[in-house]
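For reference, the structures are reproduced in the following blocks.
Both of the next two complexes hold chain A, though its partner changes from chain B to chain C.
Presenting the complex of A and B:
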């Protein structure tokens, strides 16, 4: 009995030893920054010479500030349309690439290209495309007589957010396309053959075979994509810096400005902690809505 | 005997290795890390690198290692390096960042390191801008006084004189705005307006604001910080500025998208005839379009109540944590020697802050005449830690009017309230 217990303990210890390196990495790269961020949020600090404890003052101020919530609304709007765009475009392209057509590998490579470009490059390319003086978009629209004169897409409060969302959709759809394509290829062909024999239409097959078959891939992709784009900074910053006025001022830009332009690190950290909980809620909500069935 | 021979050879080899190691460590016993924003610019970077190379040749024991950072990211980069305990020996500093850098506690007091005799060699207003509470925070390298850059050849062709007042300015801007290729659409504009929400654009707007007699931030008679942005003069300045686009139509489409780089491009591509900027822009424009050599002139920024300019002093601080402060001083003194300042000015157009170099005929020639004159109207940038927030608030107000979201009165009122809140928060 005692010998068996000792063996079990040894095995357990071995297990702990095996996970220790991974735990250490997690501790350094994930847990420590999270805790440190929370710690900073309790101080009025420049992270160097000034550390004045303010407690929960910043949280109270932020949570009761209508400007903060208006920026959260812009962020949610940006995230919703971007993720929706990714899923519609990603799904359509994944379904097309799942069909055996000549040159499929070439199409896959081409459609993956936006994902390979750094975000800054993507933003600069779109900035040039949108330019009111030399941009290709204005040039073609004027040539086609769709618009009479060039439009400052990124300088218009009503057009700036859609313009930024289009750039973000272009950058992000390949990831969803690849994930959905992998999910599609895991669905057994027999199910489609059985459906065909039963007289199901392609739409019915999509509704009753494809979508349920993609359920887990959809949940994971949706959580990853939503959280990723909710925190997004680079493309918006390069394209508009949050402007004009506050038209594209998502919360990540506000956090950056508060920290690195106004040097109010404590306040920026409090905003970041709140955003962390919002992202956490997104993940939890998706899992509840779409069901994780023990996974 | 054989044993003795082997031992002698071994000792000789060890001696050679040790000598080589010693020589190597002597050859570059000090490495100075220099964080510079000009090093990533063209043609500035080439000259700066060349000066560093010459310095290293003359001082083989010192190696210069540059960390290039664009100006727009430099405050964030310095803060990150400071909090990470990885400050370079020398770093870029400007009046807008002086208070922040001092607050971070990363700046070495330069008064003792340089000595009063050497400091006397700088223009006094450059020293004033580079100081905080009477202590020199950075060594002024060059200044970029704001003036109005204009296309002298276009002015001559239209029979126009350089504008002295804002009324003159609007009149000439309207004359310059035209359909050059006769396709029925305007393709050339009078003014390259910077309407982006950033420091570069708003420092130009603040110059205009001050010519109207209003200040974004100033001390009142009791020494407290106050703002005039929502005063009648402040509102007039905002209305005048935004009307250039909205009513006078002398500005190309999309001014809220225009930062310094885009404005420079507009001038280089001959799409605009005037721009408020510093002398460094001449180098930038000519680098993009050499055909414009000799066609660009300068004049002080037009006035409503008075002419105003900003010196735009730029320099280098020495880190408090640097272990090579003497070597850093040696390099910086070499950088700002008369010969190097004149070469720097010749290539980049940036004005020297040392009196001996400033007196040279090269600086007072016709191209720079407006900039030299503008230095007489230079006013200091408020060196408070919350100044970047003020700039952002002003940018929001300007953009709100330019995009039709608010009237000048509404935008100015909101900006005034926000600036006062920022002042209260900082106290």
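Presenting the complex of A and C:
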């Protein structure tokens, strides 16, 4: 009995020893800073000498500020169209790549490439494509007579957000495509054969076999993609820095500017906490909507 | 039935070709710009094949910008953080797959949950803490940030690989007198080599791409990473698009190399978790 207890304890201890380094790192580098960020949000501070306790003042101010909500609206709109684009493209391409045709591997490799360019590089390339004078996009559109003269895509408040979204879709769809493709390949082929025998149309097969089969992959990738792009910073920052006139001022850029350009660290920290809760709500909402398989 | 399938094929080819073009055109345009002279980048209409293609940009950018320094910084920081992250993740993955202990499930959930936090929440506290501990403009500061980003997901990836290795192997080694650590290091770990490779690539990709934290935590030219360095070329120098595109290509090469050779491993393990549930 004692012997068994001792081996049991040794087994437990071994597990703790193995996970300890990772656990400690996460505790020190994620949990502690997170809590500390919440602490900073309660102060009017320059992070140096000035630490004036303001309590929940920033939260109240931010939540009742229409400017904040308009930035949230921009962020939601950016996230919504970007994620929608990822899923439409990702789904269509995954379905096409799931058919066994010659050259499939080549197409898959090409269609994956945007994923392996660093975000900054993607932003730079699109900035060059959008260039008002010498950009390729203006050139194409003028040649096709879609527009009469070159447009400053990133310089006009109405065009900047769509322009940024297109770059974000280009960068991000491959991951969704790969996930959905893996999901498709995990669906047993026999199901489709059975459906065909029963006389199901391709659309019915998609509706009753493919979609349910992809459900788990869809939930996971939808949550991750939404959270990733909701807090996205790099591409928008390099393309527009939030401009023109706040047209692309998504919440992460606003937090960055509030902290590191205006040095209102406490206020920026409380905005970050609010973003945290919004991301949390997204995840929760999706799970409720799509069923509770995602845990 | 086979007939209907064949009817779709031309349509699939058209669709895949069009999408591939949308992917390839910006990349080709980037390359085309990188072998142009500055004058020619401003030619209207734009020319796909430059009149006088040149590789000068590829040589000159090293002299014109502190690029070598940026590359060294990125490679150093990302490599070290990948090694540390891999070591800790392997230990954690093995521990979770081979031991039963109270709080195991909670630990796994905890790792996953940290992935869901918006990283922007950490930006301000990191800035303050790094300043307090004198870690702004240091490699240590960036390495700490990157391992905190990669350890959770890498641990999950490694867990998946360890689970795929029969536990009987451990038992056999233990009976033969190996202790736990030796069993882990010399028997089990070598068997997960593909997993190690995939996990390392993932960690490398994350660090090489990271922009926001490097932007905040480095202020001097000597300490900037590639991502931050090229992002700043746009503001600090007159925009020489040919240089910019050349630098962009160079910054993507390490990822392209890594990816070309190892994409199979990476894609398999990135998607395995999602599919297996």
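As a working rule, the second predicted complex is superposed on the first by the 270 of 295 C-alpha atoms of A that agree within 3 Å, B and C clash if a C-alpha of one lies under 4 Å from a C-alpha of the other, contacts with A are read in each partner's own complex, and residues count from 1 in each chain.
Simple rule for what comes next: a contact is a pair of C-beta atoms (placed from the backbone, for glycine too) under 8 Å apart; a residue touches a chain by one contact, two chains touch by 3 or more.
Computed from a prediction, not measured in an experiment: that's the story for all the values here.
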item: Clash or fit, chain B versus chain C on superposed chain A; value: clash
item: Partner chain in contact with A:47 - chain B first, chain C second, else both or neither; value: both
item: Which superposed partner A:117 touches (first chain B, second chain C, both, neither); value: second
item: Contacts of A:190 with chain B and chain C, given as first, second, both or neither; value: neither
item: Touching partner for A:260 - first (chain B), second (chain C), both, neither; value: both
item: Which of chain B and chain C A:233 touches, first, second, both or neither; value: second
item: Partner chain in contact with A:279 - chain B first, chain C second, else both or neither; value: second
item: First (chain B), second (chain C), both or neither touched by A:198; value: neither
item: Which partner reaches more residues of chain A (counting touched residues only), chain B or chain C; value: C
item: Chain B and chain C footprints on chain A, overlapping residues; value: 47, 131, 133, 260
item: Touching residues (chain side chain B, partner chain A) in the complex; value: 75-76, 79, 82-83, 100, 103-106, 185, 195-198, 252-257, 266, 271, 385-386, 388-389, 392, 395-396, 399-400, 402-403, 405
item: Complex interface listing, chain A residues touching chain C; value: 11-12, 14-19, 21-23, 25-26, 29-31, 33-34, 36-37, 40, 47, 89, 92-93, 96-97, 99, 101, 107, 109-114, 116-121, 123-129, 131, 133-134, 136, 139, 143, 170, 175, 178-179, 181-183, 186, 196, 202, 216-217, 220-221, 223, 227, 230-231, 233-234, 237-238, 252, 255-256, 259-260, 265, 268-269, 272-273, 275-276, 279-280, 283, 293
item: Chain B partner contacts - residues on chain A that touch it in the complex; value: 46-50, 131-133, 149-152, 154-157, 241-246, 257, 260-263
item: In the complex with chain A, residue positions of chain C that touch it; value: 1, 4-5, 8-9, 12-13, 15-16, 19-20, 22-27, 29-30, 33, 41-46, 87-89, 91-92, 94-96, 98-102, 104, 107, 110-111, 114, 116-129, 131, 144-145, 147-148, 151-152, 155, 180, 184, 205, 208-209, 211-212, 216, 226-228, 230-231, 234, 241, 244-245, 248, 251-252, 255-256, 259, 263, 267, 270-272, 274-275, 277
